[in-house]
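Each of the next two complexes has chain A plus one more chain, namely chain B in the first and chain C in the second.
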Partner chain A sequence: MSRGAWLLARLAQIVPTFLLIGIAVFVLARLLPGNAVMAMLGERGTDEMVARLTASLGLDKSIFAQFVAFLEGVASGRLGDSLAFRIPVTRLIAERLPVTMLLTGLAVAFALAAAVPLAFVAALNANRWPDLLIRAIFQVGLSSPIFYVGLVLLTVFAAWLRLFPVGGYGDTMWEHIYHLFLPAITLGLSFAAIVMRNLRAAILGVINAEYVDFARAKGLRGSVILLRHVLRNALIATVTLVGLEIGSLLGGAVITETVFAVPGVGRLMVDSIFARDYPVIQALTLALAVFVSLAFLLTDLVQMWLDPRVGR
Partner chain B sequence: MSLLDVVDLRVTFSTPRGPVHAVDGVSFCVASGEVLGIVGESGSGKSVTLRAIPKLLHANAAVTGTVRWRGADLHTMPAEDLRRVRGGQIATVFQEPMSALNPVLPIGLQIDEVLTAHTTLDTAARRRRAVELLGLVGIASPTTRLDQFPHEFSGGMRQRAMIAIALAAAPALLLADEPTTALDVTIQDQILKLLLRLVADLGMSLVLVTHDLGVIAETCDRVAVMYAGRLCETGSVHNVFLRPQHAYTHALLRSMPGEGAARAMLVPIPGQPPRIDRPTAGCAFAPRCSFVEDLCTTTRPPLIDVAPQHRSACYAAARLPVRAA
Partner chain C sequence: MKRPPTPLLGGLAILGLMVAFAVAPDVFSPYDPLAFDFSALLAPPSWAHPFGTDQFGRDLLSRSISAAAIDLQIAVFATFFPGTLGALLGLLIGWYGGLADAVIGRLMDLVATFPFLVLVIAIVAILGPGLANMYVAITIVGWVPYARLMRSEAMVQKNGEYVAACKVLGYSTPRILFRHILPNAIRPVLVYAVTAMALAILLGSSLGYLGLGAQPPTAEWGVLIADGKNFFTTAPWIALFPGTVIVIAGLGFSLTGDGLADLLEVKR
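On to the complex of A and B.
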């Protein structure tokens, strides 16, 4: 199979993936205890009101017809109104999703900026004190719960030192980044620890490879050997891990946004679950699932770029 | 004056079971334009010797002795000077091209980076030179091949590509570590002929490490025979093959098909190669030697001149039978 064909096949996988996500979300919403009509009308609905609302929501049609209507709604961007906020779900998500994406993106950026150089330092000093120190620090990061790390950072850097705000999001991009600084570090800490440990092991796996010795025999500069020959080969394994961790990073975003009062989809999800705001839960699940599968797609593309053997 | 002078080279690996003396006091020199073969069985220290020359061994190897390149000691010179010598003046070819070539980089880039490191050529000139190099080592349609990856090459083509990479900066000495061992016999012959042609055309010196006496006979001017980390015998290929002055060389030649006298029986060497983690006081070959005497097991024989340009470390040298021509 040629590389182009492999790429097309990988892109085509998106279609069944999204369809399966749609089915899962649709079924999940109907498996929840109670139903949307009861949730909307509460105890006071008369039989006539129930029947009218059921018909207007299309819940009297067959399950297949309902699914088609649901897919049409997704395709045309009509996902209903939030029960709690009384505004279209799409508008709500459009406001909140960029916040979470920025938070997650910053967390990934901070984590990689710390993990990649430190993995090098640790691997090149394997089992000597810099390695042991770096591993010990990240071990603490890895084993501390997010809410605890968040509270410690809040107390020290926001409450005592007053270097950062205790919560909120600000209005400009710079304010956003400033407000999301502590949350991103909180969220990225365990991710950085996982990446650092994995990349350290991967570097140790390739540092003694024959092609690295051959690169030395060729008289290449140290930086070329480390970046082009060691890092590039070590990253192939780590990139897969980064992609897989995006999902748990979103789970962590829920907690982080709650601790730091960040108005993202994570906190919206928590609020909606407590408020039984089904349209929002359904749409958010859909949006996050799509976000994760796009992250997987991106991972595969990066991997293909790193390793020419992929897809040949 | 010789290009390369190796004096009393010792390499000790630290292992969990204690130090292992892989190379134990090896001295030799290589003259300009000369082809020197280093022959020995697995574990004799021949590859370690070769890799120790441009300081390619890892941190678990303690290396002592001097390695002089055009008079300058490679092992004490500043790292940047050593980098310029590596690849620029002393190039190395490894045994297994599949693992020595970086699997994720196109061949062209792996040539290009040598040119970037050692020449001032611009991008277009480097590309022209890379095409020329692939042509030089006999790779057809070199322009297309430049953008391909190692896994798209056959075994023989990969070894040719690795030789092209080694030759990129026009080195004066090529170190080849069993360059044909991983290849089919027919391809082996092509690669050896290629190496010899390149040595002649480019005026390079070559140090060829192999376990194959046939390869030595075909390609080398001089040969150094190694056993258990030590040199047994050095001399011209003609003299060593005709009148071996070390019992190990003698036994090795008798165990070789084809090169021995016509229809002669193959005589295997009894016993196992010695364990170099348990060094002996005397000659390391003594336990397997059919000419052994008491002195061999107690005192290590020194490497001495037995004839002009012919050195051997064997007490039985004078007693060895002359081989039929």
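On to the complex of A and C.
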């Protein structure tokens, strides 16, 4: 298969994926025990209110008609109004999603900035004390729940040392980054641990590979070999990991945003559950799944660009 | 078989202690975990209360110990239910292949597209908060890695000579599947499950913290931390000690899982 054909096939896969995501979210929303309308209105609903909401949600039509209407709504960006905020769900998500994306992006950046150099230190000192120390620290990081790490950082750096704000988001880009500093470290910690672990193993694997022996035999200096050959190959593995882990990062963002009162989609999700704001929950689940499948696609494309073996 | 490595022994020691706390909390707890003590409200850690007390004067060491039972239950159930479902499905599609394999395969891809925690939260939102619904949600979302592992193992095993021998002997398919293939294919699944228990503790306590898992007044580590979060400037010990306990429990499971994988030489 040529690279072009591989690319087209990979792009075409996204269509059935989106359709399946749509079906899953639709089914999920219909699983509400009892009646969705009653769940939304609670005890307060009069018969007239129930009838009006049932009609406005289209729940009086057949299940197939409902599904077609749902797909039309998704395609045209109409996903209903938030019951709590009384504005279109799409507008609400469009306001909040950039916050979560900035948080996740910063978390990935921090994690890579810490994990990549430490992975090299660990791999080049394999099974000596720097390696054991780095691995022990990250092992503890992997075993620490996000909300606990967040609370500790909040207590030490925000409440006691007053170096960072206790929560919120600020108004300018610099204020955003300042406010998201502790949350991003919190969110990035376990990801850094995973990257470190995998990168260390990848470097150890590459160091012993034949082409590195060959490069050394050609007389290339150690640092050149490390940068040009080892780093490049180890990075391919890391890019894959970022793509695979984007889902758990978004899940972690839900908790991080709740701990630090960050106004992103994660906090919106938790708030919506307690407000029984089902249109928001449905739309967010849909939006995040679409986001993840796009991230998978992007990962494959970057991998193809980095690794000439893919798609050949 | 190699000699058990030190990290594995350390992990097993932590798990042993956790089981002891879960089985006989009264032996280890200095106080009744639910008893109010109005003479010691928000008391900092001391010899009388090593972990301090909360806003009702409840002893946090005793509460952390009594929570071990719930969190151990979370670790086991949140692994056992998705593990059993996934292993069964994986065994069947690995054996039969064909259409069932294709359909379940697409389903696995689909579930993997949703961020794990987001889908669990969405399902808990629909079913309502609480431990039982949390297990249902984790099972719906969490069976995929077990199914994948079991499927690939079953596909290897079914070409083994002993399976051909079973067929010649005229054994029934269920007998071949459950008496012969399953015991040979289960090892990587079990090792994965131990590591997954570490994640299950983190997941369960996270949902407890968010108010979606165990419900107060049940003592669960995440719930204890949620109780303490409003006091983190004035009485940080309320959240800090139960949090440290979670980290140690998580370490116990992940050290055990990694150690077992090394010992049994299971590739991951």
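As a convention for this text, the second predicted complex is superposed on the first by the 291 of 312 C-alpha atoms of A that agree within 3 Å, B and C clash if a C-alpha of one lies under 4 Å from a C-alpha of the other, contacts with A are read in each partner's own complex, and residues count from 1 in each chain.
Definition applied: a contact is a pair of C-beta atoms (placed from the backbone, for glycine too) under 8 Å apart; a residue touches a chain by one contact, two chains touch by 3 or more.
Source: prediction; values computed, not measured.
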- Message: After the overlay on chain A, what do you see for chain B versus chain C, clash or fit?
- Response: fit
- Query: Which partner does A:G170 reach: the first (chain B), the second (chain C), both, or neither?
  - Reply: neither
- Query: So after the superposition, what angle do chain B and chain C open up at chain A's Cα centre, nearest 10 degrees?
  - Reply: 90
- Query: Once the shared chain is lined up, is A:L154 touching chain B (first), chain C (second), both, or neither of them?
  - Reply: second
- Message: Tell me the contact category for A:P117 with respect to chain B and chain C: first, second, both or neither.
- Response: neither
- Partner chain in contact with A:V270 - chain B first, chain C second, else both or neither: second
- For A:P130, decide between first (touching chain B), second (touching chain C), both and neither. neither
- Identify which of chain B and chain C touches the larger number of residues of chain A. C
- Message: Going by the contact rule set out at the top, does A:G77 touch chain B (first), chain C (second), both, or neither?
- Response: neither
- Shortest CA-CA distance in Å separating chain B from chain C in the superposed model: 15
- Can you list the residues of chain A that meet both chain B and chain C? none
- Task: Going by the contact rule at the top, pick out the chain A residues touching chain C in the complex.
- Result: 17, 20-21, 24, 28-29, 31-33, 139-140, 142-148, 151-152, 154-155, 159-160, 246-248, 250-252, 254-255, 258-259, 269-270, 272-274, 278, 281, 284-285, 288-289, 292-293, 296
- Item | Complex interface listing, chain B residues touching chain A | 51, 54, 56, 58, 83-88, 91-92, 94, 96, 99-106, 113-114, 117-118, 149, 151, 162, 165-166, 169
- Name, in rising order, each residue of chain A that touches chain B in their complex. 208-211, 213-221, 224, 228-229, 232-233, 236, 306-309, 312
- Item | Parts of chain C lying in touch with chain A, wherever the complex brings them together | 106, 109-110, 112-119, 121-129, 198, 202, 205-206, 209-212, 222, 225, 229, 232-233, 236, 239-240, 243, 246-248, 250-251, 254-255
